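Common to both upcoming complexes is subunit A, partnered first by subunit B, then by subunit C.
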Partner chain A sequence: MDMVVSLLKKTLAGAEGEFLLETDVKIACGGITAIAGTSGSGKTTFLRMLAGLTTPDEGFLEVDGEVWFRGERGKTPRVNLKPQQRKVGVVFQGYALFPHMSVLGNLLYASRDRDMAEKLLSMIGLQQLRHVKPPNLSGGQKQRVALARALMQQPRILLLDEPLSALDETIKALLQDELLKVNREFGVTILIVTHDSSEIYKLCDRVLLFEKGRIIADTSPRKLLVEHATTQKFAFRGEVLELRAVDAVHVAVVAIGNNLVEVVIDKDEKENLNAGDSVMVGTKAFSPTVRKFEKQAFDVSKL
Partner chain B sequence: MSTGFDMEPFLLSFRLAAITTLLLFVLSVPLAWKLSRTRSVFKPFIEALISMPIVLPPTVLGFYLLIFLSERSPLGMFLHQRFNIDLVFTFEGILIASCVYSFPFMLQPLQSGMEQIAEEFLEASYALGKSRFDTLLHVILPNIKPSILTGLIITFAHTVGEFGVVLMVGGSIQGETRVASIAIYELVELMDYRAAHGYSFVLVAFSFTVLAIVYILNYRKRASA
Partner chain C sequence: MNRIRATVNRIDYNGNLHRLVLSAGSQSFTVITLELGDEYTVGALVDIRFKPAHVALAKNITGEISIANRLDATVLELHKGKILVEMLLQGAGGKFYALTTTEAVERMRIVPGDAVVALLKASDLYLSKTDEA
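Moving on to the complex of A and B:
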C-alpha cells in the first residue's frame, strides 16, 4: 500500500535562475527512503511541502489515503491541510528543541501522553537527562530528543532533514541504529534527506536522487552506490586517525564505524594522506588499499 | 502655603501607570507578533505611526488628543450621548492619552524580542500540532522574558514620568488627573519648594531604580545568550 502519493510542483529560485520542482513519486508504507542530491536541488523544499510548511504551486498530495493538498497553479488550493492537521513528525536540521523546556517538557509539549514519553526516553537512553534543558545537551543527545519529540504524536510519516550531518562518525552510527529501531518498532514511514552515502546504504531501502528539482533516479541504494560507483569487491569508508612508520613500512590507523584498523600503505600513499582525511579502505588482489574518499563517489554524471 | 507630603498624586501616577502598562501589554503582544512576522509594505508605516510619540512634542500629541477626545469630536459626542462618558479632564481621558504616548515603549522591546526567535521553533511547534495561540503562549513568550520585563518596566516608568500630554488632556484635577509630575509643577508655581523637593526626590529615586533594574536585566540577557 502506498503511504505517500505526491504529485507536487513548485517554482523555486536557484543560484542559476528559476527552476521547477516536480515530485512525481509514490512511497510505500513502512520503509526508509533517502532523499539525496546536490544542495539547492529541492530536497528540503520537498520535505517542507509534505509537512505543510511550504505551499506548493500546484499538484496533489495524498498520505495514508487522506488528501493533504490539491490545487491548481495560480488559484487558492482546494485542499491544503495546515501543518497542525497533518500527522507528520519533523526533525529539523538544527533540531529546534525549545530551550526553555526540559527534555521531558519538550516531549510533553508535543503530547500530554506520559507513558509514551517514558517509553521514548528509555528507548533513546535519556531517562537520566529528563530534567536537563537542551542548551546543556550534546549534539547527539539533542538529536535523540528531537527524534523522540517527533514521535510523541505517533505520526504516520517521519521527515528528517539531514539529521546526522553535524555529528561525528561514532555517534552517527549509534543514531542510525536507533532510526532503524524506530522504523521497525513504530512502523513509521521515514523520509530522510542525507548526503552521506554510507548512511543511505545502511538505513534506506530506496533512494530518490534530486537534481534541479527533478527526481533523476529512483532506485535501491545498492544500485546507486555500489554498482555504479565502485568496482571493488568490498570497500569501507573511514577516517584516518594516525599515520606512523613501523620498521620499514608506513601504517595508517583508520576508524571505520566503531572499529579501528591498521592498514599498510606505501610511501606515495603516505605523502598524500593526513590525519583526519576521509578514505575508502578496499582490496585489490586481496591486499587492502587505502585511497582518499571522493565526495562525488555517487556523482550523477557517472550513472 | 505648605500642604505637607500628600501621597495622592503618587498613587494616581502609579494607578495610571499600572493600568496603562496592563492595557498596552495585552494590545502589544498580538500586534508585535504580527509585525515581527510580516513582510507587508505597510509595516514601516504602522511602525512609524506607533513610534511618533517618541519624537513628537507632548504638547502636539496632547493637543490632537484633546481635540479627538473632546465632546465636539465624533468619538466624544458618541461616548457622551451613548454612555455619558466624558474623556477630557478625566482619569479615563489621561489613561487613553497615556496608552497612545507609551505605546512604542511597550511594542518595540516585544517586537525585537519576537523577531529574534528562529522561524524553526515556530515551525516545530506547528508540526507538533500546536495552534498559533499555543505557540505564542508556550514557545514565544517564555523565550522573550527579558524583553517582556523591559517592556513592562519602561512603559510603567515612562507613564509615571509623563507630563505634557496629561496636562493638555487632563488638566490638574485633584484625585482625578493631578499626577505626581503635575503636582510638582503646581508646587513650583506656588513657590512651595520644600514639597517640590520631596516629590522630585521620590521621582528621581524611582527612575534611577527602574533604569538600573532594566540595565541589570539586559546584562543578564546578554550573559545567557
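Moving on to the complex of A and C:
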C-alpha cells in the first residue's frame, strides 16, 4: 500500500538561479527511504512540504489515504493541512528541545500519553535520564529525546533531516539501531535525509537521489552504492597522495577516508595516475581478510 | 592491471556466487565472482582483469593442479629488479604482465622467447565492462 503519494512542485531560489522542485513519488508503507543528493537540491524543502512547514506552489499530497495538500499555482490551496493536523514526526539536526523541561516533560509536552512516554523512554534507553534537563545531556542523548518526542503522537511518517550527522561514529551506530527498532516496532514509515553511505546502506530499503529539484535516481541502496563498473566488491573512493617506484613495481599511497593504504600498482596504472587524483581502490571480495577490531587499540579515526 | 577482452560463454550460479566461462581467441577462462550485474550475460564482450602479481608461471608442467586458468604464453620482455621481475608475456588472448620473484626467474632460467604456462586462480580474476561494442 502507498503511504505517501506526492506530486508537489515549488520554485526554489538556488545558488545558480531559480529552479523547480518537482517530486513525483510514491512511498510504500513501513519502509525507510533515504533522501540523498547535493546540498541545495531540494531535499529539506521536500521534507518541509510533507510536514506542512513549507507550502508548495502546486500539486497534490496524499498520506495514508488522506489528502494533505491540493492546490493550483497562483491560487489559495484547496486543501492544506496545518503541521499539527498531519500525522508526522519531525527530527532535524538541531535538537529543538525545551531547555527548562525535563526529558519526560519534553515528551509529555508533545502528547499527554504517559504510557507511550514510558514505552519510548525504555525503548530508546532514556529511563535513567527522565528527570534531566536538555542542557545536561550529550548530543546523542538530546537527539534520542528529539526522536522519542517525535514519536509521542504516534505519527504515520517520521521525517528525519540529517538527524545523526553531528554525532560521533559510535553514537551514530547506536542511534541507527534504534531507528531500525522504531521502524519495526511502530511500523512507522521513515524518510531520512542523509549523506552517509553506510547509513543509507544499513537503514534504508530505497534511495531517492535529488539533483537540482528532480529525483534523478530511485533505486535500492545496493544498486546505488555498491561498485558497478567492475565485478569487484571491495571498492572504495580515495585520493592519491604519493606515487613511488620500488624495485620492479610502483606503490601508490592512497587516502581513503581517515585511513592511508599502500597499493602495489603496475606501470600502466602508474602512468595514468598523479598525486591528487580521485581513484577507486578495489579488490575482489575473495582477497580481503576480516579481523575483529580491538576497541582498546589506538584508533586513528578518533584523531 | 592486465586486461584481456573476452566473450562470456557460460554462467553458472549458486545463490549470489557465480562462475563464468569466457573465451579470448582460442584461450578459455574461468572466473568466480560474487553478485553479477545485469550486463554480464552470455555473449557479452567484457574485459577480464587481473593483477600481474596474481600470475604464477610454470615451465614443463606435469601432474594435476587445481588452478582453473592455464595460459600458454611466450615471454616477450623481462624488467628485472633486485627482488621482483616484471615480465611481459604473449598469450593466445593477448599480451599481459606477470610479476614474480627474481629468484624464481633465475632458478627457472626464464629468458625472452621461452614458452611458459601462466597460472591464474579463477577467484583472482575480475571482470569489467568494455566500452567498445
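As a working rule, the second predicted complex is superposed on the first by the 227 of 303 C-alpha atoms of A that agree within 3 Å, B and C clash if a C-alpha of one lies under 4 Å from a C-alpha of the other, contacts with A are read in each partner's own complex, and residues count from 1 in each chain.
Keep this in mind: contacts are C-beta pairs under 8 Å (C-beta built on N, C-alpha and C of every residue); 3 or more make two chains touch, one makes a residue touch a chain.
Computed from a predicted model, the values in this text were never measured in an experiment.
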item	value
Which superposed partner A:92 touches (first subunit B, second subunit C, both, neither)	first
Partner chain in contact with A:84 - subunit B first, subunit C second, else both or neither	first
Contacts of A:241 with subunit B and subunit C, given as first, second, both or neither	neither
Which superposed partner A:268 touches (first subunit B, second subunit C, both, neither)	second
First, second, both or neither for A:149, with subunit B first and subunit C second	first
Contact residues of subunit A, present in both the subunit B and the subunit C interface	none
Interface residues, subunit A side, partner subunit C - complex	226, 228-233, 247-249, 264-269, 284-287
Contact set on subunit B toward subunit A in their complex	118, 120-121, 123-131, 138-139, 142-143
For the subunit C and subunit A complex, residues of the former touching the latter	1, 31-37, 40, 49, 51-53, 79-86, 97, 99, 123-124, 126-129
Partner subunit B, residues of subunit A touching it in the complex	51-53, 82-86, 88-90, 92, 94, 96, 98-100, 109-111, 149-150, 152-153
